[in-house]
Amino acid sequence: MSDVYRRSAPKAPVYRQGGIGMSRRSFLRGGVSVVGGMGAFVAALSPLRELDGDDLPSIEGFLQKHYKEMDEADMAAALERIRTEVKKRFAIDPSVRDVKARDGVEFVYALNLSRCVGCRKCVHACVAENNQSRSPEIQYIRVIEMPRGTTDIERGNHHYDRPTVPDEDHYYMPVQCHQCANPPCVKVCPIEATWQEPDGITVIDYDWCIGCRYCEAACPYWARRFNYSEPELPKEDVNPDMAYLSNRPRSKGVMEKCTYCLHRTREGGMPACLEVCPVGARKFGNVLDPESEVSWILRTKRVFVLKEDVGTIPRFFYYFDERYPRDGDGQVVGTVDPLREER
Amino acid sequence: MRDYLRFLWRCFRVSFIGDWRYQAWMGLLTAVSLLGLNAYARQLVDGLSTTGMTDEVSWGLYIANFTFLVGMAAAAVMLVIPVYIYRNRDLHDLVIFGELLAVAAIVMCLAFVTVDLGRPDRFHHLLLRFNFPISMLTWDVIVLNGYLLLNLHICGYLIYCAYRRKKPGKLFYIPFVFVAIVWAISIHTVTAFLYVGLGGRPFWNSAIIAPRFLASAFAAGPAFLIVSLWALDRYTAYDVPRAAIATLRNIVTVALLINMFLLVCEVFVEFYTDSSHGVSMHYLFFGLHGYHALVPWIWTAMLLNGGALVLLVSPLTRKWGYLNAACLALIVGVWIEKGMGLIVPAFIPTPLGDIVEYAPTLNETLVCLGIWAFGLLLYTIFVRITIPVLSGRLTHDRAYDPNAPIQPQQRGDGATPLSTSEARI
Amino acid sequence: MRAALTALWIGLALWFLFGGEGSGVTELSATELEAGVAPEDIATGPLRSTLGDPPRVVIGGVEQKCSDCHALFASLEVTPSNIRQHTHIELDHGLNDRCYNCHSQSDRNKLVMHDGSLVGFADSTTLCSKCHGTVFRDWERGMHGKTLGSWDASSGRQVRLRCVECHDPHAPAFDPFEALPGPRSRGYRPPDAHAGHGGEPTSEELNPLERWKHRREGASRREAVEGTR
């Protein structure tokens, strides 16, 4: 072993200068260098000068409790703070409120693939409704142009740019948050900044999120978006009808996602993407009401969910327009609610 | 207590003392750290759009480095196990360097996680609502910080005992050493579980990733130690026991072999099956639909790892030069394999089949370099303090004197921490 | 050494303070991003409006019902091919190519069912149901068509659009739509132009199964993207 790891040259004696720097004088001389280093440290932080008041959390914002821990007074204070901030940022007077889930309601979306023409109106109506950043662009809905004969989403095209749609060799599949009953995004969040509400909508407390983007990695539907920059939204485009858990303006560094327009839907309205759809491909409603449009669709149409194999149990269904079978008395055959049976 | 503060003060002063090479090295690391800090300040102002990350590829270089460094931290166990379980005398003196490396690596890990956060100002939310045990990230927070504390305690206790010239009480550190063995395995396993538990990312959704992580970590960590010990041996008065290097080389070789084997297993499954689950792997190795940004990376990694393996099993690496070359190749190879080769491809294509590629920006790269420099700075300081303390030249009753005779301290288990024959000055 | 270090710190500090180029974030301007999406592009509500029940049009400054003219002219059994009136109507309703299949021959302000009974224009859905039974059944349940206002039938705010509020009864198929702009993701780049091959006919045109093969090669994605231009 003697030849192993032999030193190539004899070892140079180290610390030759006797005493080496531990004398007080030389230590002080070293101090000049240390002070210089401190100066460089401070200078390195100098870009922070550009942080303005909007970027820094206010004291109230910093101390604000988690959504689920706020009582009425806390919420009122939080809403007031948001109102002031929006007023300052966009010079408008918004109506910000906290809309709670209704009892006996579980929202479900159904999308008719036989009808969708891929016009992307839903994408842009959603942006207008939900105050997403225009730059960098954030959109909750992605419309995928799929070649006929496959459901392999990897073969789809997100960037189609045709003069007119639909193209006869393709069908169109819009994807947005599926509001899963077993949501992987909620499971992975380390601080419970995102959770599932009683009516099935998965929401984010934008004031709680730390922006680790683990949920974005976990979502099999690519439904979550991150604010990589301070969201840019022209004043005249702000939708003043806002809710705490949905479309109030977000800040840099937090996640956001589709909430089925809960500020509209929890008050009985329809989501913006549905109302704009020119061909009526989008259906929305309460799955607990057996007479609702979506209940009928789930019972009678050829319904499927995207990526059923990942076990997310989505509340977003795709269907085709085949007519449902009836028995001799005109009664619908096969009244199975797929969502209920999954659980 | 006052004595402890004086100990810290003396350590602080010692860390500024060294020859011109030491000063230049420390100056360089400090300068790069500051560049990184400056880049991070810019990122705080402009947001994470200063990085190459997008909604499509939402984790990049930061998380890649994090993953690699968790491995470096865990690798300390590769020195602890031979010494404390198999009573390997050769490695005994070097255990402390492994543990110190673990401390520095964990600090870097925490830094990489912090720079990846969109809202670091809300860090305290972790204390207020902690989604334990559901979120694997909370497990990671616990095991990483726990591991940091364990190693800080073990190293700090041993060094302080040497400083006080007293024999370390076995009860105060041996149990912690054994806890740390299990804990080291757990940090890298939990980090692997972060990724493998996501059903929506088939590239990660593979049980072999945790063992792969451990194998690659147990190759890269000791390889880093070999290189740093070479530097110690070359540029300081400290003589590294040669038998220990040989043992480390064996550890690295076996770990790298296992790592390559596991990788081959994974590659076989994906390509032979040729199902749509293999699409990210296909992108990584051969490109996809005309996109192939990662192809040069992964083949570089394969080449480096393969080359390192050939060198390591050959007698050439009985020489420092070849051994260093093999170790450096391996470190870079594993870094690519676990970073650009494991984190990024899972995002390509997106779960909806879109392809957006990832390339780190300058600002992002500077932040990474800064954290690396800061970590190396810490490690250098730790080593700088440890050597004189353990060789008895810096003790409670005597300020640092590099020319003093060596008065080695007894470690609790009877072996000398730095045996007289080895540490000369 | 110390002097060199001190100089390094000062140099770094100066660079941090004055030399920084910024972080190099370039973004599309808001106008660039939203180009092409006007409020009317995302207007909600019915695609078409109807003329009322009975339909009324203004001719020569006077509001007129169908019967106002048709009272003067006897209706022929068969629509003559050289008809000069209603030329703006393009009848493209498949096999349903006779006016009286839907319009009442005797009362022009009404529509007619199979059994000869009359229905008003406001109730045109009933008329459609005489052929489109399955679609009508879906529509009744809200599975076809469009519901505005509310998902909650008990709210009283629910508005269900009728057939003719989306479909032109004379040419019920939708015209092609103009697609609104696609995503402009920050990191997206079109596929590498070097991938794949030139303009010769693809084997895909010869055998449809070819689409499923070669699913990961360069050409397919580029053609998919370029083919849409």
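Some points to look at:
For clarity, chains are labelled A, B and C in written order, and residue numbers in each chain start from 1.
Convention: a contact is a pair of C-beta atoms (placed from the backbone, for glycine too) under 8 Å apart; a residue touches a chain by one contact, two chains touch by 3 or more.
Not measured: the values here are computed from a predicted model.
The interface holding more C-beta pairs in contact, when A-B is weighed against B-C, is A-B.
Taking the mean of each chain's C-alpha atoms as its centre, the chain lying closest to the overall protein C-alpha centroid is A. Greatest centre-to-centre distance from subunit C is found for B, with centres as Cα means. Note on chain placement: the centre of subunit A and the centre of subunit C lie 27 Å apart, centres being C-alpha means. The geometric centre of subunit A is 33 Å away from that of subunit B, both derived from CA atoms.
Chain centres here are Cα means. That of subunit B falls 56 Å from that of subunit C. Chain contacts: subunit B has residues 31, 34-35, 38, 42, 45-47, 49, 54-56, 279, 354 touching two or more partner chains.
The set of subunit A residues touching two or more other chains comprises 30, 37, 40, 43-44, 46-47, 136, 142, 152, 154-155, 158-159, 228-229.
Across the assembly, subunit C contributes 2, 5, 8-9, 12, 16, 20, 25, 27, 185-186, 188, 220-221 as residues in contact with two or more other chains.
Partner subunit B is touched in their complex by these residues of subunit C: 1-2, 4-5, 8-9, 12, 16, 20, 22-25, 27, 185-189, 191-196, 216-222. Against subunit C, in their complex, subunit A makes its touches with residues 29-30, 32-33, 36-37, 39-40, 42-44, 46-47, 117-121, 123-125, 128, 134-137, 139, 142, 145, 147, 149-150, 152, 154-155, 157-167, 228-229, 232-234, 237, 265, 268-270, 272, 275-280, 283-286, 289, 291-293, 296-297, 300-301, 321, 323. Looking at the complex, you find that subunit B touches subunit C at residues 20, 23-24, 27, 31, 34-35, 38-39, 42-43, 45-47, 49-50, 52, 54-57, 279, 282, 286-292, 354-358, 361-363. On subunit C, the positions that touch subunit A within their shared complex are 2, 5-6, 8-10, 12-14, 16-17, 20, 25, 27-30, 32-34, 37, 39, 41-45, 47, 134, 137-138, 141-153, 155, 157, 161, 166, 174, 176-186, 188, 190, 208, 211-212, 215, 220-221, 224-225, 228-229.
Partner subunit A is touched in their complex by these residues of subunit B: 13, 16-19, 30-31, 34-35, 37-38, 41-42, 44-49, 51, 53-56, 58-59, 113, 116-123, 125-126, 128-131, 134-138, 141, 194, 197-201, 233-237, 242-243, 245-246, 276, 279, 318-321, 323, 346-347, 349-354, 399-403, 425.
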